[in-house]
Every structure is written in structure tokens, then in C-alpha cells.
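As C-alpha cells, here come the structures.
First chain A sits with chain B, and in the next complex the same chain sits with chain C.
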Partner chain A sequence: MDQTTSDAAIVAGGMTGTELLQHVDRDGAVQQTMAAAVSRSGFLKTALFGAGALFAALNVPGAIAASNDSPNDTAILNYLLTLERVQAAFFGEAERVAAISGRELQAAKIIGAVERAHVAALLERLGAKAIASPSFDFLGTTEDPEAFIKTAVAFEDLGSVSIAGVLPDIQAPAIRTIVASVHTPEARHAGWIRTLAGVDPAPNAIEGVNTQAETLKLVNGTGFIVSEPLTTATLSPSFTG
Partner chain B sequence: MVVAVFLTVFGERQALAGTAGSTRSAPAPLTPAFGVPEPKRLGERASAQWAPVHQSAKVRVDADAASAAVAPLPLATPEQTTNVVQVLDRRPTTSGVWVRVRVPGVPKGKEGWVPRKALGSPRSVATELLVDRARHRVTLTRHGRVVFTAPAAVGASGSPTPSGSFYIRNRLTRYRSAFYGPIAFGTSARSAVLTDWPAGGFIGIHGTNRPELIPGNVSHGCVRLRNRDILRLDAIMPIGTPVTIT
Partner chain C sequence: MADTASRSARAETGMQRRSEFIGGAAIGAAAAAGVVAIGIPAFADSASEGDVAVLNALLLVERVLAAYHRQAADTAIASGDLQTYLDRAATHDERHVDELVAALGSDAEAEPTIGFDDTLFASPQAIATAAGDLKDIAIAGYNGHAGSLSAAGIALTSRLVAIDSRHAGWIRTLAGVELVAPQPTDPGIDAREVRSRLHDLGVRIGG
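Right after this comes the complex of A and B.
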């Protein structure tokens, strides 16, 4: 976040991404998942996708695109793709696991469906330039109603401020237009899920925005991005035969 | 009302600008670079869930760290792949979420509870594999529809293929053993007879170098398919698929 934006956020009583995550996570659900990720076994630590790995993935020049988007805009679209994938995976897992119910499950279904549509749109635009999807482990936050709602608030708030944060950096007006239109439902989701959580849906007149670096640091810090489990091997079978 | 007034004033100004003989035309509406499709609902409900093991633990009778242990929960399989469990249920407790899982065990597998923190994220599959020993036939369904069926060889009378509910744990390939064909799936089933077999006598589903023995009761408990059939199955059966042996 540049100084101008920071000042505006402070003056307006807004929050940085970290403050936002902490604010919506009053009881520490997300903070607990962060702590859990740090304290887990060495096996998982070696499996965790490092922050550097995600940054590197986002900065890969990529194959020749089907479109003529600038490298700058392609990088931003890939960044948004990762954000949307995290959200789509989170709400999709919550729906599949079905450990939540009622209005929360309804929200997971509706928001998840929208996030999947966003992913599909970005994939179509990026074509061969789309980066690979990371794997996710939401550390049980989709399997406990209280943890789910708190993490959902954090994700939707984060999505909203993160999309707003890249809008000025997009070069092509036509891309900026569609990204802005994606921001609107994200903001609606944030208000909706905040209401379900009993949190003020719109506490500030003006809110700060997140840079890519701030958001990626937050997402990586949750420990939600992991490597796929190793389920294929070349060892000779020892089955009974 | 305010909006209407604004539009009226705005329109009048535009009209005045026009009468002043301006040659500037309004910019064309911006066309978005791409569109966003309708919200995408999830597909049909999955047939089962599975999860990788991230912390070694004990599988317990109840969702309580003080309850008796029924089985160990190692990190890796004997083939050095990540151990996986079938997820059957969840229970929030004061000490966190516990998950009821199915794990390998003799003769029909074991079920019990483990802390959620010992597992990775749950994954879903829509496939189910049925092994019909009497008919010597293997059938895979996806969302309840048959997508694969093939003849099979199963265990001989002295080393029967165990019956019960199991799941696919891993997939082995590129090994140097023609006996198992090109692909071998590891299951959670274990032989009740060959308990001293290396690595615990796990039952596999694999190819063969003796296709002429299929169908039949000839194996040491494993399910053998012709190589072309195991390759077809490999393309469509994911890890975590439930396996029912009747």
C-alpha cells in the first residue's frame, strides 16, 4: 500500500489487510489456523507451499496467451485468479462437507457458485497464460460452523479490498471494467456474510485497499495453500498379488 | 427524485452543448474485455470423502483423546505414499472437531475417531468400485452410473479376497514387476490369511502377466484385471474411491 492510500485509510478509520483480517477474526479463528499451520508436524511443513513459491508462480511469464493482454494485466488477472480460486475452493469445500447448515450453508452455495463463475471467466480470458491452481487445506475451517463464518468474513473482506487494490494498476480499460464489475458482487458477499456473522456489514465510509504483496502475504500466512498429497509412487508393489 | 433532477439537468446541458455547435462526440460505451458466466452450481453430491494424514495419531473409539485406541494412524503407507483415510462423519467438541474415519484393519477394516488437525483437507469423489467375487467382475460407477466394467480374478480358496467396505489408498506405476501389470492400486483391505505377508498383506487391484487366468479364483487375495482393463480403470478412478467387495 502506498503512503497516500495508507494515509487515506487511517484518516477514514479504515484498515490494512492485516488489520482487517484481525478485526473480523475477533475470536481468533483465522489466527488459530495460522498458529496451527506453524506448529504442525515437520511432514506438513515440508509439504507447505512456501510463500516464495506462490510469488514465483504469479510472476512466471507464462506461455503465449490466446489474447493480447499486456504482461502487466496478465499478471494481475492471474493474481485475481488465485484469489478467486481460494474463495471458490473454500466455499465449495464447505458445501461438500456440509458441516454447516441453514443460512450459512445457503450463503456458501450461492457465494461459491459466483466464485466458480469468476474463476471460469478468468481462466477463459487467460487461456494458456493461466497459472496452475495451488492445492488448499482450510485446516478445518469449513468443518466447524463458527470457524467457517469467521473465515468466510475474512475471505470476502480480503477479496473486496484486494480487487479494489489492483484496479488502478490495470492498463486496459476493458479489463478494468470487468474487474470492477467482479468487485461489486465481492463487496455484496462481504456485507452479506458479515451480517450472518453479526458484524457490522459496512463499518466505514471509506476503506483502504490491499496491494498484491499484502494480500499474498496474508493468504500464504494462513497456511491454507499446501502441496498435493503424494498418492502415486514407483515402488514395486508388496500387495498379496 | 434527486437522480431524476440530475438527469434532467445533465440532459439539458448536453442539449445546450449540442446547440452550441460542438463537434465533440460522446465516447462509445466501453465494452468489457470478457464476460462472467452465470453462477456455477456444484455437481451432484459426492459418493465419499477422503483426507490425507498430516499428523500421525491414534484412531480412537470415540471423539475423545481419553478413549481407547483401536488402530494407529501412520503418516505413510508401506509404499511410502501419503496415508489417506476415508472420512465418514464429523463431530465438533470442546477440544476441536473430530472426524470418524475408516482405516485398514483385519478382516474388514476399522472405524474410529481422529482429531481433525491430524488430517489434511477433505476431498470428494463421485466414484464407487464394486468387486463381485461370485461373478468375477469389477464395476466402477460415477454418480451412480456405470462407467466401467471388466472381468476379474480374485482370491483362491486358501487366500480369499476379503469382503467389506474399503477404499483406494494409492497408485503404483513404472515399477519393475510384470506380475502386477502396468498399474497397481493399493486398497485399505488386508488379507485375513496372509497376515505375515511383507508390508502387512494389503490387497491390491492390479494388472497381470497371466491374463489367461481371468476370470477365476486364483490370486493371493488381490483383484487382478487384464492389463488393458487396469489401464482403462486408471484413467477414471481417483484415489479415495470407495471399494465394496461382495
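Right after this comes the complex of A and C.
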């Protein structure tokens, strides 16, 4: 992983973007589990659109363009990768546990598929520069309908305000275009899941923004990111890699 | 036994932390600090030359949204949740217009006459469908310019289009659409395509 002086452009809370991501994986036990998770879930078969289709739609030849990404933009994409991974894992686990039903389950299926497509697209774009995936333990929130919907609202709100927070920092117009096109589905999801939850879908006229430090602090504070798979859930599967 | 106790303790800590997460993520830390309540600072009269055309194109879209939602809200056709949506969308869209006008300053174009085909107000379902379609066009219009705006420009527009996107998810859910937001991306379109799609929907824009 590159750690250059260019990272200083995204310094937040006294840490560079790279350092912040390392902080999330604070135990230093980050595992290369995403590839296995991909294989397990077969998500490329179930996602409504795969990463290839996503980039084809954007006319961005991922592998070629990615080699020219600046360290600044690479760090931001890795930050977004972490965010998308935790969202994808949460909704994927909720779908598999199936403690929810009806419109909530349908939303989990669709949102999960979209988040997995985002993860796949970011992985394709980042290539060898992609950081490793941590493991996740959602501490039972996927097993209880009320806990699920509250957490789902928080995740989709977080996705929107976090992406809005980094868009101005992205240097390459092509990357900014990609991220903007991923941002609005996150905000659509926020409006959708909030409506299902009976929570005001759009309380403000202007979206809030989170810095990377603010978002990573929130995610890290949940306890959802773990150094190794645990088995706290009573329903199967008990963890998401 | 020890493992069970450890997991229970961790879950309890996680529950406490999730409360902060659920509350803190909802509107963004900046919003919680009051930034949103006072608008977007330090952008008015600073639009770069390259941003002016883009922001004026987006201003037109927001004016269309505001006009439609306000007119629909005043028709007395809607009620309940749909009426709540229309009132809120109109208020937010009008705020977006204000923000864009402030950003453009003296470069803001005059508001054209904006009208709509009667079919767009024919029934609650027609209103909900048109409202969702208008939001889709607006989102595509915003995203079509994401790569060409300055950093200050995207800092403004990303915070407006996110709300339009929330509205899209909201109205589609109210309308009972099965697949509310199934696409992983919202591809952008240029200003000419925006006008074309608005026209095809039944929006009439005069000089």
C-alpha cells in the first residue's frame, strides 16, 4: 500500500487516509477474506449488475485507468471500499439470516446486491492497491427486525454523507464521475429504508457531510469490525467475512 | 463459558456504541454541528467561470422540480403521505434554487416560464410517478456534470443531489414501486439530454 506525501492532502484527525484505514483494522489482523466471501456468496451471480457492467456503463476502462490514479484518489477509493464492504456484509448477512421479511427483506436483497456491485467495482478499479478486508460481526443486529432497520438506516445515511464528504477531494474527473454515480444510489437507499422504518426520509434540505475521520470513528465504534471471525450470532451464518 | 461472557460483554458495548452510530450517522457530523442549518458557507459569488454554465443548467432543473412539486402540492388531489412528500420536496427544491442562485450571484440566469402537461396532475398515482421521474432526471443531470465541476462546485452540488436522491427513494416507496433503487449507479446525462427528457415527460420550458 502506498504511503506517500500525497496522502497529506486528505489528512483528517491528524492521520492520513491510509493511517485511518489501518486504524480501523486496529488489531493488525486484517484478513484477505473478501475473495473467499465472493466465492461463498456467489455474488457476481446475484448482483443485479457486476463490476464489469458498472464500469462499462461509465466508459471507464478500469485496469488501465487505475494505474494512473493518484495516491490521493487511491486512498479515497480504499476508504470508500471499506465503507462499501461493511454495508455489503451487513445487508448480505441480513438476507442470509432472513430474520426480516416482506419489504424489509426485499430491500436488504436489493441494497445488498448494489453494495456488492460497488465493492466489486472498487476492487476492480484498485487492483493490487486495494486494502485487505476485515471481518465483520454485526452483534445480532441482522437477527432482530428492529435492530436491523435502525442499523440499515444508519448505514445508508452514513454512505451518503461520507461520499458527499470526499467528493470535493477527488482529483481525477473520471474518478469523481464514478464516485458521484455511486453516491446517489446510496442516498436513494437512505430515502427508501427510512420510509420503510417510518423515519423522516429527508429531514434536511442540504445533505450533511462527514469527514473520513468522522465516518471511520463511527464505524470503528460500532464494534462491527473484528480482527477475526467470531460466533456471537444465534442464527446462521454467525459472521460475515 | 468464558467465551460466552466475553461475547456478551462485547455485544453490550457494541449496543452502546451503535446508539452513537445510529444517531451520529443520520445527518452527518457537520450537520450535527450546525453547518447545515445555516447553509453552505463560503461559496456565494465564488463560482468559477467553468462552473457557471453547469450551475445554471442545474438551476433550471431545480426550478422545474420546485415548480412541479409546489403546483402538485397545491392541487388538493394529494393527501396523507403523498401530500407530506410534495410539501417537503417543494420546500427543499426551493432551497436548492436559492443555494444555486446564491452561488451564481450575478451570473444566475433569469427564471424561464415553466409549465406542465395536465396529465402530470391527473391523479395521485400520476403525481407520484411524475415526481419520481423528475427526480431521476435531476439526479442524472447532476451526475452528468460531476467530472467537470470545480471542487467548490461539487461540494455544493453533491449535497443538493443527495437530497433529490433521498426524495426519489421516498416517493418511489410511497408509490409502491417494487424495485425502488436497484441500480448500482446513476449514470449522468448532459444538459441537452436533460431538456429532452423533461420535454418528453410533459414539462414546457419557455424563454
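Keep this in mind: the second predicted complex is superposed on the first by the 162 of 241 C-alpha atoms of A that agree within 3 Å, B and C clash if a C-alpha of one lies under 4 Å from a C-alpha of the other, contacts with A are read in each partner's own complex, and residues count from 1 in each chain.
Everything below uses one rule, namely that a residue touches a chain if its C-beta (ideal position, glycine included) is under 8 Å from a C-beta of that chain, and two chains touch if they have at least 3 such contacts.
Everything quoted here is computed from the prediction, not taken from an experiment.
Q: Is the number of chain A residues in contact higher for chain B or for chain C?
A: C
Q: Between chain B and chain C, whom does A:G165 touch in the aligned arrangement: first, second, both, or neither?
A: second
Q: Would you check which partner chain A:E95 touches, where first means chain B only, second means chain C only, and both and neither mean what they say?
A: first
Q: Once chain A of both complexes is superposed, is A:T177 in touch with chain B (first), chain C (second), both, or neither?
A: Touch partners of A:T177: chain B and chain C.
Q: Taking the superposition on A as described, I'd like to know which of chain B and chain C A:D157 touches: first, second, both or neither.
A: second
Q: Look at A:V114 in the shared chain and tell me whether it touches chain B only, chain C only, both, or neither; answer first, second, both or neither.
A: A:V114 sits against chain B and chain C alike.
Q: For A:T222 in the superposed arrangement: first (chain B), second (chain C), both or neither?
A: Only chain C; A:T222 stays clear of chain B.
Q: Can A:T195 be said to touch chain B (first), chain C (second), both, or neither?
A: Only chain C is touched by A:T195; chain B is not.
Q: Given the touch rule stated above, what does A:A130 touch, chain B (first), chain C (second), both, or neither?
A: Neither chain B nor chain C is touched by A:A130.
Q: Give one of first, second, both or neither to describe whether A:D144 is in contact with chain B, with chain C, with both, or with none.
A: first
Q: I'd like to check the shared interface: which positions of chain A are touched by both chain B and chain C across the two complexes?
A: 47, 110, 113-114, 117-118, 121, 139-140, 173-174, 177-178, 181-182, 230-232
Q: Can you check the complex and tell me which residues of chain A touch chain B?
A: For chain A paired with chain B, touching residues are 36, 40-41, 43-44, 47, 69, 92-93, 95-97, 99, 109-110, 112-114, 116-118, 120-121, 124-125, 135-140, 142-145, 172-175, 177-178, 181-182, 226, 229-241.
Q: What residues of chain C sit close enough to touch chain A in their complex?
A: Within the complex, chain C contacts chain A at residues 7, 10-11, 13-15, 17-18, 20-22, 24-32, 35-36, 39-40, 88, 91-92, 95-96, 99, 139, 142-143, 146-148, 151-152, 154-155, 158-170, 172-174, 178-188.
Q: Under the definition above, what is the set of chain B residues touching chain A in their complex?
A: 30-42, 46, 49, 52, 54-56, 75, 78-82, 84, 90, 92, 96-97, 99, 116-117, 120-122, 124, 159, 169-177, 179-180, 184, 186, 191, 194, 197-199, 201-204, 206, 219-222, 239
Q: Hey, which residues of chain A end up touching chain C in the complex?
A: Residue positions touching the partner: 47-49, 54, 57-58, 106-107, 110-111, 113-114, 117-118, 121, 139-141, 150-151, 153-155, 157-158, 160-161, 163-165, 167-169, 173-174, 176-196, 201-211, 214, 218-219, 221-224, 230-232.
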